[in-house]
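Let me begin by handing over the structure; questions about it come next.
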Amino acid sequence: MKLNELEAVIEAILFVSGEAVSLAVIADAISMDKATTKAIIKTLADKYRDEKRGIHIVELDGAYQMCTAAHCFDYIRSIYKSTKRQGLTQSLLETLAIIAYKQPVTKGQIEEVRGVNADHAVNKLVERGLACEVGRDDSPGRPILFGTTKEFLRYFGFTSTKELPQLDENIVLNSLELAEIEE
Amino acid sequence: MKLNELEAVIEAILFVSGEAVSLAVIADAISMDKATTKAIIKTLADKYRDEKRGIHIVELDGAYQMCTAAHCFDYIRSIYKSTKRQGLTQSLLETLAIIAYKQPVTKGQIEEVRGVNADHAVNKLVERGLACEVGRDDSPGRPILFGTTKEFLRYFGFTSTKELPQLDENIVLNSLELAEIEE
Amino acid sequence: MEITLQLENFQGPMSLLYHLIERNKIDIYDIPIFEITNQYLAIVEEAQKRSMDVMSEFLLMAATLLEIKSRMLLPKAKSEEGEAEIDPRAELVAKLIEYKRFKNVTEEFKEREETASQIFYKEADPSLHIFKQEEMVELENFLDGVTFDDIYMAFQEVLKRREKKVDKVRSSFKSIERDLYTVEEKITYIKDLLIISPKVSFWEIFRENVRKTEVVVTFMALLECIKMKMVSISQAGTFNEIVITKYIGSELNEA
């Protein structure tokens, strides 16, 4: 095997194992002695580090492990706990309200009501377990339909979406009239 | 962020996630629009492939996942002594093919093509994560509709169901020709 | 003809029928229905003696074949307006063709199955569940203080606003970015960092282009971590890289 093939094999082995792999096991797999293997891994690890790659190889007591680079950590965490400290924002609250009352509803329909892109808000609500996919619309592109989750109902003490308080038509009407007067 | 920093973040996200990550989530994490993000991922995936690296990036239905390169298979197997995967039986393959091309499809529709009860096969496929419920048909009894999963794409190395091989149209063409000759 | 076929070897009636057609090298568009029906029935009868369970579907097909056979025996009804005669076999042929199309493609599926089985995916890092869990238990916090009235009012509000023009002044307000770092936050940051990466270099805990205050707070957090025996610091020699690892015995995950 050529050097870059050996590197590829080591890369694949470290990737798939997900934990530290001993030098002996790696050396065995590529049929090389330990010293050579160690040198190859070192070269590979240095290359990752010098190129500021998102994946690094670290040594731990004579074993090697692939892990994410520390400088990428914030982005990874942003995916998994992006909403950690912030509560329900106005934008999320409105989106949730639209989903609750208009379900099943597509992102497009939400956007139509709020007039802004709904991607982020809907994703966040799905992530938080407040909204979920409930099917597909029959319209072109078969967009995903969203609805509220069981957790949502449970949290607010409803057993079914049918129990959601009816919208007060008067308030809506009044507010529309009010809007007209204001204009 | 510079391009190689963006690449590093994408690399780290795909490495750590262990499942297909949607384009939207990645785009969100690096604060780029989807089209740009997609182009960056494509460049990165191509680079991996061209350099014959041990890790590849594959697209699965608009999401991305990291996996080992096929050319490293033998070495990985030598370490993990993984027994060869039990392939699908002819009966499961046929059922899965019907689901793949006709999705969303009911058990009844599958039975119509194969002339045999589809309960067992469909259950097995759902159990293996290759097929899943995708909704309900509007026909009487509202039968469950089935479709293929991301695992199906992974299992056969497709990037999307749009990539399925063309069904042989010749068989039908012949019949037309035959009909013409007979006339 | 010899009957060596066993019903158990077939995936179903279509599979058996298809096999018979192939074995007899029959043109699928001109099936000798008598011959095929006889062969089919012979196999089914043979199998019937052994098991009744798998039989129903095969029997259904047998019934279909017999029906076609009888319709072929009937004198052809004259169609009005010279419409083309419908071959009683047509529906069966259409079904066989559809079945064959799917059967054909399974060959390619099998090849792809073989190739794709040489590729491995990694399980998610088990540490990640900590992040996800944190997120899940927080639903209460997330919705803290939100009542259903708020949702109700929000919807009314949205409807109302839809009628009005967007308030241009207000919508141009940008949120103010938080620029406050606490030692607690940074301790969590260092701990989380060590969950994903078992070994981190000293310089790696500082993000690029950080402000001075953040560096100071991060450094204080690191000192605190050392004091609380959560992390270990090592250095191979003077001016060498300072390496931060998990303190042996400390269980960051449970923190």
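Residue numbering begins at 1 within each chain, and the chains themselves are lettered A, B and C in the order written.
Methods note: contacts are C-beta pairs under 8 Å (C-beta built on N, C-alpha and C of every residue); 3 or more make two chains touch, one makes a residue touch a chain.
All figures in this text were calculated on a predicted structure; none of them were measured in a lab.
Q: Which chain lies at the heart of the structure, taking centres as C-alpha averages?
A: C
Q: Based on the averaged CA atom positions, which chain is farthest from chain C?
A: The chain lying farthest from chain C is A.
Q: Could you put a whole-Å number on the gap between the CA centroids of chain B and chain C?
A: One centre to the other, that is 8 Å.
Q: Could you tell me the distance, in whole angstrom, between the mean C-alpha positions of chain A and chain B?
A: 20
Q: Cα centroid separation between chain A and chain C, in whole Å?
A: 16
Q: Could you pull out the residues of chain B that touch at least 2 other chains?
A: Answer for chain B, listing residues that touch two or more other chains: 15-17, 66, 68-69, 76.
Q: When you check chain C against every other chain, which residues touch at least two of them?
A: 120, 122-123, 125, 128, 196
Q: Which positions of chain B touch chain C when the two form their complex?
A: Contacts found on chain B: 15-19, 56, 58, 65-70, 73, 76, 84-85, 87-88, 90-91, 93-94, 96-98, 101, 112-117, 154-158, 164-165, 167-168, 171-172, 174-175, 178.
Q: Along chain C, where are the residues that touch chain A in the complex?
A: Chain C reaches chain A through residues 120, 122-123, 125, 128, 131-132, 134-136, 138-139, 141-148, 150-152, 154-160, 162-164, 166, 192-193, 196-201, 204-205, 207-208.
Q: List the residues on chain B that touch chain A in their complex, please.
A: Interface residues on the chain B side: 4-5, 7-13, 15-17, 21, 24-25, 28-30, 51-55, 66, 68-69, 71-72, 75-76, 78-80, 134-136.
Q: Where on chain C does chain B make contact in their complex?
A: Per the stated touch rule, the residues are 11-15, 28-29, 57, 60-61, 93, 95, 97-106, 108-110, 112-125, 128, 196.
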